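One structure is given below, represented as structure tokens, and several questions about it will come after.
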Amino acid sequence: MTTTYSGVPTVADHRLSMDELAAVIARDIPAGAFVNLGIGQPTKIADQLPADSGVVLHTENGMLNMGPRAVGDAIDPDLTNAGKVPVTELPGAAYFHHADSFAMMRGGHLDVCVLGAYQVAFNGDLANWTTGGPDDIPAVGGAMDLAIGAKDVYVMMTLFTRSGAPKLVPRCTYPLTGVGCVSRVYTDHGVFDVGPDGVRIRETYGISAEELANRCGVTRPGPTGDSEG
Amino acid sequence: MTTTYSGVPTVADHRLSMDELAAVIARDIPAGAFVNLGIGQPTKIADQLPADSGVVLHTENGMLNMGPRAVGDAIDPDLTNAGKVPVTELPGAAYFHHADSFAMMRGGHLDVCVLGAYQVAFNGDLANWTTGGPDDIPAVGGAMDLAIGAKDVYVMMTLFTRSGAPKLVPRCTYPLTGVGCVSRVYTDHGVFDVGPDGVRIRETYGISAEELANRCGVTRPGPTGDSEG
Amino acid sequence: MSRTEILESTDAAVAGIEDGSTVLVGGFGLAGMPFDLIDALIRQGAKDLTIVSNNAGNGDVGLAALLAAGRVRKVVCSFPRQADSWVFDGLYRAGKIELEVVPQGNLAERMRAAGAGIGAFYCPTAVGTPLAEGKEEREIDGRKYLLEYPIKGDYALISAHVADAMGNLVYRKTARNFGPVMATAATTTIVQVDEIVEIGKLDPEAVVTPSIYVDRVVQVTARHYTVQGAR
Amino acid sequence: MSRTEILESTDAAVAGIEDGSTVLVGGFGLAGMPFDLIDALIRQGAKDLTIVSNNAGNGDVGLAALLAAGRVRKVVCSFPRQADSWVFDGLYRAGKIELEVVPQGNLAERMRAAGAGIGAFYCPTAVGTPLAEGKEEREIDGRKYLLEYPIKGDYALISAHVADAMGNLVYRKTARNFGPVMATAATTTIVQVDEIVEIGKLDPEAVVTPSIYVDRVVQVTARHYTVQGAR
């Protein structure tokens, strides 16, 4: 497995907040893309998209061109996102039923989805649905469908657990959501490409690429900037 | 295979025309049924349904509650039946696409469909899509889907070919459309139940049940009215 | 015979649901949940039910109330655990309810298959995960798939926005969710609607669930809940 | 990136279709057939095409004209033989065109599978018939099924009634037929419409094909044909 991190820019002098990270991801989503932002943290990305991006948001519960969160009188119990949060409708929206919504997803028509994760492996394996603990009630929702459905699956997460263990790992220890499905991992400390060719650090925040690589246990690069890890 | 034809009423003093036969079938379709009438002769049944039957017609090209044939200014090239004949729309109609239309059919939601046939076997096998001849261009359309889809599949046909050979046969010689799928055969000479229990003559037109049985090669009944055939 | 019945009460609408039935229950969280039919089902008393629904109840209303009443033997769903799923959580941790977790898209597609007469289908979701256990795997054109079987209901309880007197249905916004799929997958589909209109008042181009899938319809007064309770 | 292009001409709309492409062509007989796109494809010149369509052309217009121009290597369809299919009949009898006959529901469902990411599905249609030859058979719950694979197109040429400027589509009556399914099953979906309206003018509840499935749209002047010719 090859790891590349020479010449990687450190583009911020501090670890990014989740709002700042959302802005980074928003910057990387191509104009006009069809995008699913899952639930939780990634939904913040919607607020960071430029007004003229033309990005169309899909929500698994049957809608394209979902608008921002609804507030006040705009709250309609019949209109929510996948996290059951009241949202709004943009002009050009379309509603469809659940089988059609997941056909759209599974059929590879979404350009990007962004998911949270417990762990991502260097090869792109994703674990984000259950810790597998004895007291954990397993709940998968649409995570497995999204993981294998979108053309590009991005993960947005903090890089380390509260106890300091990296969540970008050589091999997931939590139960998998999907195999080799993630292509990019956005974290508070930096952005990584992952997949069959291994990990590549794209940019870092408040930390050097070398230190980041060390903390995640990715192998040091050789003189060419590449190494087998 | 059991054949029953004792005590069968001869309910007409003549062989029925196709219009008369359409009226017989219309009589047997339960009120409120969802019905597909295929193409050709069976479409005549629509004209014979009582106005208050509540029967809803399905056409495979994506419509429920199809109305009668369109004439004059009512002809709309965007509104045809399965035979590409311009038709009309009744109040309460619904349009849907082809995958949904055949899901409805294949899923067993139609109560009755009525098809034409080249041959029907005593066990309910159906042959109605190709003669298999060297110059025949095979064309199946929705026939195989309908044959296995509706709860009850009726056939409407003349009982004999122009050369006098019965089309209700011990075993189809033409290529099959479906296996054991037909439950009833309406013909100009009489009506037959067919299926795993064999042939039972229900009523005849201008001919005795015994003579009809003989002409179709179904075995004579024993003293009980049943026999192994 | 297949004509849709328009009923005067939710009690009449749920009459005859047998103990041990598999009941498909619409809704994604609270949106589209058939609250009034579920309340009627609680009064009706059928027990030992298998419930197929996206979630396993929210707060103390709807599906959560049915669970709390002890009528449900098993839940087949994609996402039982939510901030407000305390009823289910308690039953599950006490070992009083069985759970089958199905990825959300498979839940929808397996019910579609039931309605569409598909015997089984090869689906890429969940390959290589714990939810693949016991499923047949096959590689097709270089990609791995799992064989998934239909989920058929004895009954579906769903909520729609407007029905015409034939039983054609339209929905409202994301409350559509599982309703149209469940309507096709159940032997008997029971629908609560906000309004019943005359035949001919719905646009035939915009009907989402054709009447052929609808067995019983009852009009109710719209009630909406949020996670926090009635509003 | 995936944004729908609104094009000024049918020639621009069909630009880039390569020789040897598989092209899904909408329409059931003449209803819903994208006449103008097919005429443009004839001008464009792509040859050695595989055409997937319900029929194999009617009269001398549309698909029949494409066949007559000698651009089609193979037709995958359910019902080639019709009263007015003389162009196909002649080519077929002369051994100049290949034919694969697929039951109509399988044609639709196989394209749906391509669009929905289903690897294959077990279908009861055609069991025990000559069209079962070479197909894997399996018994599930006492019923026999055949394994059917997706049909994917490089391009889809379809006709819809109205598009909004994002590419959302609505259709008209039974001209809807294969359009919505083909739109999901092709890498590039090209649509001719009678009218393009502003974003926001289509009812989101009534959109049949969401814009995500639509790559190119061109407005044309409505032309209709009957079996007997232009009208």
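Note that the chains are named A, B, C and D in the order they appear, and that numbering of residues resets to 1 at the start of each chain.
Convention: contacts are C-beta pairs under 8 Å (C-beta built on N, C-alpha and C of every residue); 3 or more make two chains touch, one makes a residue touch a chain.
What you see is a predicted model, and the numbers here were worked out from it, not measured in a lab.
*Asks:* If I rank B-D and B-C by number of C-beta contact pairs, which comes first?
*Replies:* Per the contact counts, B-D leads.
*Asks:* Just how far, in Å, is the C-alpha centre of subunit C from the one of subunit A?
*Replies:* The answer is 30 Å.
*Asks:* Taking each chain's centre as the mean of its CA atoms, how far is subunit B from subunit C in angstrom?
*Replies:* 36
*Asks:* If you average the Cα atoms of subunit C and of subunit D to get two centres, how far apart are those centres in Å?
*Replies:* Averaging C-alpha atoms per chain gives centres 33 Å apart.
*Asks:* Can you list the residues of subunit C that touch 2 or more other chains?
*Replies:* 109, 112, 116-118, 123-124, 171-173, 205, 208
*Asks:* Among the residues of subunit B, pick out those that touch two or more other chains and give their numbers.
*Replies:* In subunit B, 89, 95-96, 102-103, 105-106, 149 touch at least two other chains.
*Asks:* Connecting every touching chain pair, does the picture come out as line, ring, star, complete or other?
*Replies:* other
*Asks:* Pull out all the chain pairs that touch, please.
*Replies:* A-C, A-D, B-C, B-D, C-D
*Asks:* Would you mind writing out the residues of subunit D in touch with subunit C in their complex?
*Replies:* 109, 113, 116-124, 138, 140-141, 143, 145, 149, 170-173, 203, 205-206, 208
*Asks:* Help me check something: in the complex, which residues belonging to subunit C touch subunit A?
*Replies:* 28-32, 54, 58, 78-82, 88-89, 92-93, 99, 101-109, 111-112, 123-131, 171-181, 208, 224-227, 231
*Asks:* Residue numbers of subunit B touching subunit D in their complex, please.
*Replies:* Interface residues on subunit B, with respect to subunit D: 59-63, 76-80, 84, 89, 95-99, 101-103, 105-106, 132, 135, 137-145, 148-149, 175-179.
*Asks:* Inside the complex, what are the residues of subunit D that reach subunit A?
*Replies:* So the residues of subunit D touching subunit A come out as 1-3, 112, 114-118, 164-166, 168, 184, 199-200, 202, 204-205, 207, 210-213.
*Asks:* Considering the complex alone, what residue numbers of subunit B touch subunit C?
*Replies:* Contacts found on subunit B: 30-34, 54, 56, 58, 64-65, 89, 91-96, 102-111, 149.
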